[in-house]
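I have a structure here, written as structure tokens, and I will follow up with some questions on it.
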Amino acid sequence: MVNKTLATCKEAVAGVFDGATILLGGFGDPGLPGQILEALRLQGAKNLTVVHNGSGGGTHSLGGLIHDGKVRKLIASFPSNPGNMSFQEKYLKGEIELELVPQGTLAERIRAAGAGLGGFFTPTGAGTDLAAGKETRVLDGREMVFEKALHADFAFVRAYRGDRLGNLNYRMAMRNFNVPMATAAKFVVAEIDELVPVGGIDPEDVHTPGIFVDHVVEVVRHPEYLKITTEGR
Amino acid sequence: MVNKTLATCKEAVAGVFDGATILLGGFGDPGLPGQILEALRLQGAKNLTVVHNGSGGGTHSLGGLIHDGKVRKLIASFPSNPGNMSFQEKYLKGEIELELVPQGTLAERIRAAGAGLGGFFTPTGAGTDLAAGKETRVLDGREMVFEKALHADFAFVRAYRGDRLGNLNYRMAMRNFNVPMATAAKFVVAEIDELVPVGGIDPEDVHTPGIFVDHVVEVVRHPEYLKITTEGR
Amino acid sequence: MSLTREGIAYRVASELPDGSYVNLGIGIPTLVSSFIGPNKEVFFHSENGILGMGPLAQPGHEDPDLVNAGKQYVTLLPGASVFDHPTSFSMIRGGHVDYAVLGALEVAANGDLANWRTPGEKVPGVGGAMDLAFGVRNVIVTMTHITNKGKPKILSKCTLPLTAPHCVTHIFTDMAVIDVTPEGLVLREVAPGLDPKTIQSHTEAPLRVSPNCKEMNVPANFLAAPAAR
Amino acid sequence: MSLTREGIAYRVASELPDGSYVNLGIGIPTLVSSFIGPNKEVFFHSENGILGMGPLAQPGHEDPDLVNAGKQYVTLLPGASVFDHPTSFSMIRGGHVDYAVLGALEVAANGDLANWRTPGEKVPGVGGAMDLAFGVRNVIVTMTHITNKGKPKILSKCTLPLTAPHCVTHIFTDMAVIDVTPEGLVLREVAPGLDPKTIQSHTEAPLRVSPNCKEMNVPANFLAAPAAR
């Protein structure tokens, strides 16, 4: 019988090796696999290339990974949030490399990798500094930039419900980068709020089918998360 | 107040002009906008380019459009079903042009158009007759073929539920080509089983957000459809 | 007189047609949603995967899984939908979003937009700004007409790195409403009490004055003395 | 003895590992799903947007919105999901589907597959065949070993237009199980009563006989006299 459940986040990150490329889902808190990230920070792998919309913050989770010097390179669209001091310090000291990618291009490059495509032409960025040196051609009457698929060794995502087959369902704005990221890595683990029996997610409500997912790990939301719901932020 | 509902399928096709390119959703019966198609056949526009997975059959709906000589060109992946006599006869007489596209490439070309991308590289078809004369390059270690976005003037799709804002929800295997097609034409109309009040589709169950849809038209399923459910086929 | 930030947002809100799909950037643009009256439906898009976004969540009623692109807790209106990033940026890049309302550092007479990289900025970040500027049909810029050092932001040519060339269609400032046309910038409205000559004096790029140029219709509580700038 | 169509399907079914994701083509491949025993879970994918497909619907219980790639009314098993074409072909082309079981007209020693265009065919159709052949890691071909005119289908080089080069990994026929390896075709199993020499005589491409080559383990009711071919 197929059983993709893991008991702990520690198991989820056990295989991460030095130099690995990691897709991290989430946009802000929704869909961020915060507890897997914290386990990853404690696991100790280094020289990581991390793909995420932002750069995290604080000293735990993604911000912590960066703070601890485990991230060699960040591929992101908006790493410049004023709260993300660790990234900014390391970046200004030249201790972390940054590949800055427009948000839609970042999502599409990840999707392309999961979909087996080699790359695509997008109008976004043509003629700007972010397309400097990139191949362009005119398609549908517009100048477009060639962007390559972005593959990874690991993807860590966060969903709301999951089952032992790896089927995932997201709440509200949790889907964001998680849906494409779950398709684009060799090893995919989802942090979930609730493990449900097979059939517990309606076939029409499966947002990430289990074929894309290697493991699910059920966690209790971190108090920080719960605080938000009751106190605001 | 926004109201995208139409009273009849006739209104849905009123604007179709000679020489138009039309995306037709559906795969087999599920998701096929059969009654809009029948209205289109009666409307009389000709020299149409039709994009659909197959070639229809019989003398109504898509098969009828072809039978009546309204289709100049078909862009399809599987037009060769033995039942589709009209297409086969016209094709063998040279009265209809065929652009044969692998099914996944067809879906992706339509999606690319809706997503504002100019084209993409896919491994599918590299080195075969269907990629003859097409640009190729090696990406991710594989030979890949360049395929262009496929735009259209009209898209006709079929969904299960819809609201006056154009939000659509599909049942079971109805999504197929409808989801990408609804994004890729200048004018998009959905045939639906049930018009529900705004808010009647849960935000997480909207499969085609209303931003992509110009109109919805509620229809009672054709008896042919109902026959299938009670008698099988 | 010049418009307050709320005044600019109010004026933009009255410009958005019934049934339009609109993405609001951070800053003044965020304020626009408050000024859509009850007589029209405007659908707000957030690039992290929301269409039909409602007001900010009331304190104590935040949904932890529902934030906007600025990471604020928001609500959904009836008829809203949620989706993933590829779908969200298909809406933007595919030309389905009708209006993007964005802040700007500089706008050029040809519609070039610079809003993603300031000169002194040490860490760059682009987010969805380029996708919006390249993908959306109508790009409305909202900003103060001049910098806080009194320098014009509407220029013959941008000096900062571009977000996108030829993308801005309308400029709404505390002083004026300006359309970007193939023939250059056209002054369509002026703030109450200001005249076209004054606007031109604060604008580096040449302005043509529309034959229909008029004073903006903005409630008095959204107006400030020029000194307030 | 040789295997019936059901026999070939039975043998393929026993090859599919627990937990594998499998797309079945039309013809003999469709029969495979009937022979997955209760001791393993195999997930069937249909390219029109279904994962976790169950058996054909019982007459009178068809769901009009649920067909498979062959347009037959099907059912869903618990844990199934439905999705659109782009997602479905992301699964195929992106290498997420573990096995494709396909029919073939010709297979070459290097794994080249020809199964989409017959010589006399007047109207071409490709469907999802190329996406499957290019995208899926393990491509299992099921077919009769020779044509109904007695000619071999396993050739040194395909004569018909290719579906994909170098894609076939395993060949299951009524006579044999053959693996496609970098060193060429390796005969792994023979039908009961047949010997490698007989198989080679019906195979144009050269076969290496695996040191572990053995008789197929197939129930007697799935075997037919060679004359039945």
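Side notes on the structure shown:
Going in written order, the chains are labelled A, B, C and D, and every chain counts its residues from 1.
Definition applied: a contact is a pair of C-beta atoms (placed from the backbone, for glycine too) under 8 Å apart; a residue touches a chain by one contact, two chains touch by 3 or more.
Since the model is a prediction, treat every value here as computed from it, not as a measurement.
Annotation of chain B and chain C: jointly contacted by A, touch as defined at the top.
The greater number of contacting C-beta pairs, out of the two interfaces A-D and B-D, is seen for B-D.
The chain with its Cα centroid farthest from the Cα centroid of chain C is D. Rounded to a whole number, the gap between the C-alpha centres of chain A and chain D is 36 angstrom.
Rounded to whole angstrom units, the spacing between the C-alpha centres of chain C and chain D is 57. The centroid of the Cα atoms in chain A and the matching centroid in chain B are 33 Å apart.
A straight line joining the Cα centres of chain B and chain D is 30 Å long. The set of chain C residues touching two or more other chains comprises 76, 82-83, 86, 89, 92-93, 135.
Within chain B, contacts with two or more other chains are made by residues 108, 111, 115-117, 122-123, 171-172, 203-204.
Remark: the chains found to touch one another pair up as A-B, A-C, A-D, B-C, B-D. Those residues of chain A whose C-beta lies close enough to touch chain D in the complex are 1-2, 111, 113-117, 163, 165, 167, 183, 198-199, 203-204, 206, 209-212.
Residue ranges of chain A in contact with chain B, taken from their complex: 108, 112, 115-123, 137, 139-140, 142, 144, 148-149, 151, 170-172, 203-205. Put simply, chain C touches chain A in their complex at residues 46-50, 57, 59-60, 62-67, 71, 73, 76, 82-86, 88-89, 92-93, 117, 121-131, 134-135, 161-165. Those residues of chain D whose C-beta lies close enough to touch chain A in the complex are 18-19, 21, 41, 43, 45, 51-52, 76, 78-83, 86-87, 89-97, 135.
Residues of chain A that touch chain C in their complex: 27-31, 53, 76-81, 87-88, 91-92, 98, 100-105, 107-108, 111, 122-130, 160, 170-180, 207, 221, 225-226, 228-233.
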